[in-house]
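Attaching a single structure in structure tokens format; questions to follow.
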Amino acid sequence: MENQVEIKTQRPRVTLRNLLPEWLWGFVRNPKAMLGTFILLSFVFIGLLAPDIAPLPERGGANRMVGRPHQAPDDEFWFGTTRQGQDVFKQVVHGTRTSLSVGFGAGTIIIILCIIVGITSGYMGGLVDELLSLLMNVFLVLPGLPLVIVISGWVDQPGPYTIGLVLAVTSWAYGARVLRSQTLVIRNSEFVAAARVAGEPSWRIVLFEILPNMISLVVSSWIGAVVFVILTEATLSFLGLGNPNAVSWGTSLYWAQNNQALLTRAWWTFVPPGLCIALVGFSLTLINYGIDEISNPRLRSGEGG
Amino acid sequence: MRFLVRRFLFYLVAAYVAITLNFFLPRLMVGDPVQVMFSKFQGRMDPRAVESLKETFGFVDAPVHEQYFTYLKHLVKGDLGISLTNFPVPVSEVISGSLEWTLRLVGIATIFAFSIGMILGTIAAWRRGKFVDTLILPIASILAAFPYFWIAMLALYYLAHIQGWFPIGHGYNLRLKEDWGDRAYVSSVIEHGMLPMLTVVITALGGWMLGMRNNMINVLAEDYITLAQAKGLSDRRVMLVYAARNAILPSLTGFAMSLGFVIGGALIVEIVFAYPGMGFTLLNSVNGRDYPLMQGIFLMITLSVLAANFFADVIYVLLDPRAR
Amino acid sequence: MSENIQPILETRGLTKHFFTGNALSRTVVKAVQDATLQVYPEKVVALVGESGSGKSTIVRMLAQLYKPTSGDIIFEGENIVKHTSRAALLRYRGKVQMIFQDPFASLNPVHKVSYCLQRPLRIHHKAPPGMASALHRQTIELLEQVSLIPAEDYIKKYPHQLSGGQRQRVAIARALAVEPKVILADEPVSMLDVSIRLGVLNLMDRLREMHGIGFLYVTHDLASARYFADEILVMYAGWIVEKAKSEELIQNPKHPYTQLLLSAVPDPSRGLRTAEIEIKGEIPNLANLGAGCPFAPRCSKVMEKCNTVMPPITTFDDGSWTRCYLFPNN
Amino acid sequence: QDGTKIPRGGVVVVSEGRQAPFVSNFNPYAPDPTPWAQAGVYEPLMIPNAPNGFELIPWLATGYSYSEDLLTLTFTLQEGVKWNDGEDFNADDVVFTFELFQKFPALDRKATLPYFSSVEKVDDYTVAIHLTEVYTLAHYLFSSVWPLPEHAWSTIEDPVTYTNDTPVATGPLATVKVVNEQVLELCRNETYWQMGEDGLPLPYVDCMRQPVYPGNDPANLATVNGEVDWVANFIPDIESTFIAANPEKHHYYFWPGGGVVSLYYNTEKAPYNDLAFRQALSMAIDYESVTSIGMYGYTNPSEPILLSDAFKGSWNQEAIDAAAEMGIHEYDPDAAEAALDAAGYVDANGDGWRDLPDGSDLSFKVQVVNGWTDWVTSVQIMSQNFQDVGLNASIDVLDFGIWLNNLQTGTYDTSIGWGTGDPTAWDVFRNLLFSDLIGDDGIANAQLWSRWTSEEADQLLVDYVATTDAAAQKAAMDRIQMIFVENLPLIPLFPGPTWYEWTDYRFTGFPTEEDYYIQGSSWTTNGQRLVVLMQLHCISEETCAEAQ
Amino acid sequence: MSSTPSQPGQPAESTTLLSVQDLQVEYRTRRGAVKAVDHVSFDVSKNEVFGLAGESGCGKSTAAHAIIRILKPPAYITGGKVMFMGHDVRQMNDMELRRFRWRHVAIVFQSAMNALNPVLSVGNQIKDVLRAHTNMKPDETHERALELLRVVGIDTKRLGSYPHQLSGGMRQRAVIAIALALNPEMVIMDEPTTALDVVVQKQILQEIRQLKDEFGFSILFITHDLSLLVEFSDRIGIMYAGELVETAPSQEIFNSPRHPYTHRLMNSFPTIWGARQELLGIPGSPPDLITPPSGCRFHPRCELALADGTCKQVRPMLIDVSSKHRAACHLVEQQLAVQKETVP
């Protein structure tokens, strides 16, 4: 028993709130997390500053045809032009906006659904839990992508945001389940019992006792959801299930493929959007690894010697 | 055993939900799918002809619950309706051909990705900071961040088209007859499956590997590992029997749960590689607005995923006595 | 405990059954059966038993964290099992508080010490509303009462910045905040380091005297029960099998289980005394208990009827009692 | 063939953009039968030769004639034709086929039902069709059906859902060898009625194999790799991809003879009901960019009169000149702006976009079908053109079904859409202007999507088919074109190119740009590919062996 | 200083089985090195039960793990010697180490639940050892496994059971069975009974005692429960904050502890024996081992600490109080010095 005590002092529970400075410190000192953050922030900046980085023509937006078709990268068109004579650089820069906002938007909806369903089910227990768990498990085993493909087949002209929404509605189960099991653990912990004995009402227990303890889990689930949405939105757009007129990385790839970018060796229409998706995905994954390592010190590499 | 019975019951419920969802999806959509579906015949065909076609497809007005029971009744008989794009071929017949190819490709690729991921993850954790951990792991996780289709297209273009190492598309050499007794056919099936498989494996590997590595690291900190080492067992035995076997358990549940995603990803690869599986049948049905076929395919994929999940549960029970 | 003092908190026939498993296989865990106990002001009652014998379950029912399956809990003459309104609950919690076993788990790691202490003050309106300074002063006082001095240092700390003993003191301060009449202490020191256990026990003893608080002290350690409590209840497999004044119980155990327990306590003065009492059998599984005495399979003096009917309570002149056929009711 | 023996054998590999897996359905009247069931397994009565002004080539019918009153159309049938089960093909089969339509309207894929009342067997090889009204182009319609074998089909209970897995047919490729989700392989009908130069039954090739490619991409890769012989795929940048891969052996010819793809608008709505607005739109479109970028330069801007090169003989030069005079159908953004200004479409509220003359906001969408990327690009260019002249245009990419439904129900602003390409110039205008095409339910059939009609045009169209007098028909046709140019019910963009590529690694006999004896695309369903099939043969015995 | 500090490298007595000399172990963390075991020396003789006691975190387990070299990073042995039957454990290569472990020294961990692999049957975990170290045939290992279960008092039917199917007591016995599988010379028991109830604890300790008498192995017994330790061990070492502060035969340490820490520790345990008395405990809490207090590590909690600052500045050495009793305290040194002066 004493031993447990010792282990616990060794490994303080990591939660954003309690350790903000320490957590940040851990985060800042984690090379993976920092590399990920750096890449991500670069993209966020690109997205935010898109109109300044790649000013749009007065009319027609990033899809406006401004050059000759399939021009290789040069001084004027840094990433070359598409078969339609559109500026790939502009499309990629403005696509960053779309992809990131869809990713973070839908990711946020997902995590909110996860929190609502997961915590309700974990905290309430009983019949509510049974039913919600069933729902979660069902959504878990239903194959996600085919379901989304089928649903988007029914939606009228799904733009990136619509796709994001469809993804949000169908993909919350995994996170909800993780949060639920964590809630179950925390709900049975002594400090929750202590709060009840102190006379705290349920809503306060959920919001002020349970939720803050799951911040790192919530954040990593959220990031996972964002990655998932970005990748899946790109996939669906690529398959032509989205709106080909939108400006997003997936759409760029759709057009590249339609114009036989590889056969015509117009690699510049194909590589940048793909790399952007991969980089953002990779950066978020890195951040998640970082969070994992911070909340579970065992995973850290190069500990000690 | 009780665990398996419970899981089985759950899958029954999940299957039922999927079936019901499948029924209501088109009915929940905005607009009139039937109208949209038949609009392409309009103008090309006499309205009378369109009307009688509608009837043939079974789009008759009836209360929803009646439609639902008819639907269930038909399902029980294995009748998934009639494909629109392949009229009047039953959906079940359209699917049956491609299902086999998908199961083969996805099944084998997934098992490969999973096992290689498990092995590499084990090694990465066992020899932390060494080659696998510091080199292969980061590469695999970068690859995992790329969209499936992107890698697939590059592979197709470079390895198949430019280098000519692999055939471009299709499940076998179309000059041959489908005949599993024929050596040439079998080897062409293998040859054609390589590249799609490789893509699935490469993109899925990172996730499994990392998961396994982290589980391994947690397991390695357990007392029973220390005890096993103290017992003077060989490293191999400790690594495989004591550590890996325990570390694989959480991955196995994860594996079962993410099967739906995996299959989704593999479908995309099929599309890129002209592989004759469900993926491209599904895409076609979507592009052709072949609702009955879409529903049928979704149902089939779901049922396969459920079956695979159950299979994973069985393995879980075999590996973990606590679940028995 | 003399008859003239009224117990402040008592239970009658308190029973708790847990239903576990799923729809396919339901099992009943009979965690507590027919428990009767009294807590008196300014006195300590110890509840001793092996792990899983139902001690915490009793405490949690008393803290109104679990609903009893049957039986009554009477507090200040009122049966609180029947009063379930939120206001009644809050009133009760203002008078009966609890200290948990694990000070590392019973303080929320995300909240500072000040939050822990001020929440009960606010909830139970112990501080004049809106008076931040009063709240602060009371917090300081509480910390000083539990010897966390200088209190100002502790008020801003997070639990993980405190040692185990300090944490348990904060937990005690939190219980004290509502000025309770009864404190239910569920193994409050078993998780603490040997060298600081005593400090916490001594602190609780001081507070008992100072505030006249009645304690229900749960432990599996007979020696600390003897040290801290006036009266000891021994529990086995959901049943309270014996009650006596501390010294009486230690010197003159009646129930065979108590005897076994005592004999098992290590005695440094002698060295290992082998096989003084034959120890056999295993702790029974609460999920499939028979109707008889749960100790019967391990009892060296087992009789036939032990296996069929649980012995009734036999009360002795000094107020102690036991449940054993060796002491027939006369 | 200069006395040299034509080599026989080989499997022609065909790709025609087929993306869906094959299922066995050789019922030619199914909504979506297996490819080549219609012209390959079965054959039509006659085949219109598109490059040759749609002259009808005798096939199962040797000729046709109208009765005096023009109310009966008689076909004489080819003698000596046998079904591949050995039965003779004769008038009974043709009569049976038309009567089957009457019994099962769902089979009437050619929409013949409104035009005939009954079919009559005159003798074993003569069939008379009694028309419901005078329609002097009926021979095109009725010659396009694929006769079914009465002896095999009369017993079939529900021919609508009948999948006809082992077809009884007359066609040159009536033997089904493989049909699965990846490949279709049809082989020669050993008893085919047409003979080759060597006196043996045609075709020279043994089989036709068509693999499934789930998208343009893999199909084009295979094509570029030279794996396919006869192709009907859209290949972007064909010169630098397909041709560059092997300029010697790779060929293509995109005959610009298809229906004219046009910009439609709903003339029942403002501002499209305003001729001035329509004219301004026609001046704003950069036709060159649309064809060169949107269509990859595979076609040319259409003449203002909606008729493609296939109908060069019917062109009314006067109408073309009139259009030029009006300045319509000529990319001139300044003129467009001026026209808009003049008509009162100015930016009234200062939001940067032109408004309606009454001051209310003007913005519109250009509809296009999702996945039809050449069209999507064209629409992107046009909407950009419109924006450049101050019109707030945006793009609405729609699912095909919804797109068509919108066009038919008139719930759209503007849209790109196809036009009729065959078989006569009359069909082109009739499908676009004939007011009867709007049904009682308000559905616009054929391509009357712009809903612009005039009594004069109606009358001219009726007159045209009520006579066989060529001069009268020419006059009517000229006038219709003039009406079209004057009223601009839609803006013709470009004639739809027919995708047609071939390789001569293994086979020869394909129509070439120089000798375009028939439309070369294997994709045509009106039977022209049968004519090509009769010509195809291996280059040599070696290439036959190679093509297995 | 006139004392005789413990001399590393002293030739071991013939009965000495294990000799730990000046052992130093540290955990290298980001915050700094935790000196968990600092210059610890003790011997264990054949057939002896040597008890190691101290508060949580004082380095008992670390020392035990260091003896059979199963420490994992970030723990590193940074100094000292571990001699077992004259062999230096620190010098052994992998092969020698594997052979040394279990054949000569076995270990029983604190919590049996965690020490048993949950997915292997108990029988398999016993047989594993036999397979790794002997050439027994399958039926021989089976026989031996059954025998071992019998020895520790588990129904032999349980051979195929999995850990979760056994009660806590049975699991602990199974772990002991594994430890005894190869008849080792020494068994290290790291809090083998902490998770158990007193009654079961008693039962198991009695059994261990019997087994020890029967098979004649030594035990290094680690616990924080002094009463238990005194009752069970022949000799006891008391650790505080990574240092060994006192060693003596158990009765002697119980009756006349010399180190103030030991003294206070003895005074922290209520007992059920003897009269009920007020106990004091030890004020304060154990130090952080990254920056341990200077001098005597106990001095901040010691009310007897010398006013002249010796305790604060000078680190006391383990000195012989009597032939079998050693303590590391300046007070003891002083007393001894006084004694020496008065009794020449």
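Before moving on, here are some points about what is shown:
For clarity, chains are labelled A, B, C, D and E in written order, and residue numbers in each chain start from 1.
Following the convention adopted for this analysis, contacts are C-beta pairs under 8 Å (C-beta built on N, C-alpha and C of every residue); 3 or more make two chains touch, one makes a residue touch a chain.
The shown structure was predicted, so the numbers you read here are calculated from the model rather than taken from an experiment.
Shared contact partners of chain B and chain C are A, E. The set of chains in contact with chain B as well as chain D comprises A. One finds 90 Å separating the Cα centroids of chain C and chain D.
In this assembly, the C-alpha centroid of chain D lies 93 Å from the C-alpha centroid of chain E.
Chain geometry summary: the mean Cα position of chain A and that of chain C are 48 Å apart.
The centroid of the Cα atoms in chain B and the matching centroid in chain E are 55 Å apart.
Among the residues of chain E, those touching two or more other chains are numbered 55-56, 110-111, 224.
Of all residues in chain A, those that touch two or more other chains are 1-2, 5, 156, 240, 257, 263. Among all residues of chain B, those that touch two or more other chains are 31, 153, 157, 161, 221, 271, 283, 287, 289.
Chain E meets chain B in the complex at residues 65, 68, 70, 72, 97-103, 106-107, 109-111, 114-121, 128-129, 132-133, 162, 164-165, 175, 178. Taken together, the chain C residues at the contact with chain A in this complex read 60, 63, 65, 89-90, 93-94, 97-98, 100-102, 104-111, 119-120, 123-124, 158, 160, 163-164, 171, 174, 178, 190-194.
Every residue of chain B that touches chain E in the complex is listed here, in rising order: 221-224, 226-234, 237, 241-242, 245-246, 249, 319-322. Those residues of chain A whose C-beta lies close enough to touch chain B in the complex are 134, 137-138, 140-156, 174, 227, 231, 234-235, 238-241, 253, 257, 262-263, 270, 274, 277-279, 281-282, 285, 289, 292, 296, 298-299, 301-302. Residues 31, 35-37, 39-49, 52-53, 56, 82-89, 93-94, 97-98, 101, 153, 156-157, 160-161, 168-172, 174-175, 177-178, 270-274, 276, 280-281, 283-284, 287-289 of chain B are the ones touching chain D in the complex.
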